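Working notes for the structure below.
When the chains are written out, they are named A, B, C and D in that same order, and each has its own residue count from 1.
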């Protein structure tokens, strides 16, 4: 699976997905948004992202990292489609 | 134990207790207050009061009738002293 | 003392009660309030008016004991309990319980505990005016069941 | 719709929110509110200011889902959820949850359920200004434990 980041672009209507990062994760990865080729599910997306370095691998492997697909809390088995918005974030601290 | 009602009198400082009735009980018994000779405990008081008639006996025997001694929720074993204020009332319905 | 416990004829002002719980209290991040209102319908009857009778010598003692028990079980900041008596009509406020705490769970549990025991033990009785005339409100068996939640 | 769900920079008015829950609602005899405030002390640090960041596309969806789940579990009347974002300081109001019901227990459970899930799932993150400089607030393990109460 070739990785083809197109930062800041809208993936909808293409064979791509948008990946967002929030909170401490955004700072640790120094990234707020990526556009990547569509992959089958969240697990496959994590494998692609882990290739970016140790810090990416560690954060994505952490039990405390949450993932939302199209704004709904999801998990590794959640399947992905072209145009989906996937967000990774640390435990939430609102309220 | 002789029953010597002195309605409306203050029992404090005498060998007597004050007995109060609230809510539906007060209407059913047509009584809001009695002064009686002091008895050993709530159970003994119920026996004295039950002699007043069937309605008294039934209400005092009911599981749903509550008793407070000196404004604290109590039970049949609670001992009584001269000047105590004992209140009988139906299940409460505040709030 | 941190507790406000009142039994009164007059209506109460939720906004003033809330501000008293909140003001100069930055160590407590959680405020839970409960307000009870006169419903239009109860136990199969339309309700016109209520008359709330109580046992004057005992009501404040009872509420104070319930608040003291809540303070023993949880770490609570400020507590306010206001209960009205006398004549009330549809939509009127009957009771207010407000609890602050550093922790959300303590504030929720404290407020619910106080209301559950108030409903089961505080000596208030409601008489309703219905289309069929006045009648004493029956105790709700749910109210005694609610106490089992707090057994330990 | 009976639900008010807002994510906003501006402060909210507890009194107006309470009146909106109460007004023309005589079928609901119980109102429970929760308010969360900025505490002066958190996780061993004095807190000066907070900055509340969120995931704008998701916050309202998340809160709406949580409210819908609460409605499935209890018989609830009106529900209001207000969450603030941006810069906040000591004693400021952060979040309001208000729930009405015909029954006290439903109102308490509904409000606590919404707060417990909001704390565990709604995409807000707090950054604190402390004496040692800014830092992200750590999630509280009690907040994930709180959800076990609602398993069934």
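In this section, a contact is a pair of C-beta atoms (placed from the backbone, for glycine too) under 8 Å apart; a residue touches a chain by one contact, two chains touch by 3 or more.
Being a predicted model, the structure only gives us computed values, none of them experimental.
Mind listing the chains that sit against chain B and also against chain D?
C
Please name the chain that ends up farthest from chain D once chain centres are defined by their CA atoms averaged.
B
From the mean C-alpha coordinate of chain A to that of chain C, what's the distance rounded to whole Å?
49
Which integer distance in Å separates the CA centroid of chain A from that of chain D?
Measuring from centre to centre gives 27 Å for this pair.
State, to the nearest whole Å, the distance from the C-alpha centre of chain C to the C-alpha centre of chain D.
23
Residues touching two or more other chains, restricted to chain A: which are they?
Each of 95 in chain A touches at least two other chains.
Got the chain D residues that touch at least 2 other chains?
As it turns out, chain D has residues touching two or more other chains at 36, 104, 115, 119.
What are all the chain pairs that meet the touch criterion?
Once each pair is checked, the touching ones are A-D, B-C, C-D.
In the complex formed with chain B, which residues of chain C make contact?
Going by the criterion above, the answer is residues 36, 52-55, 57-58, 61-62, 65, 83, 94-95, 115, 118-126, 136-140, 143-144.
Going by the contact rule set out above, which residues of chain C touch chain D in the complex?
Per the touch definition, chain C meets chain D at residues 14-15, 18, 22, 25-41, 90-91, 102-105, 107-108, 111-112, 115, 119, 142, 146.
What residues on chain A touch chain D, complex-wise?
20, 22-24, 64, 68, 71-73, 85, 87, 89-95
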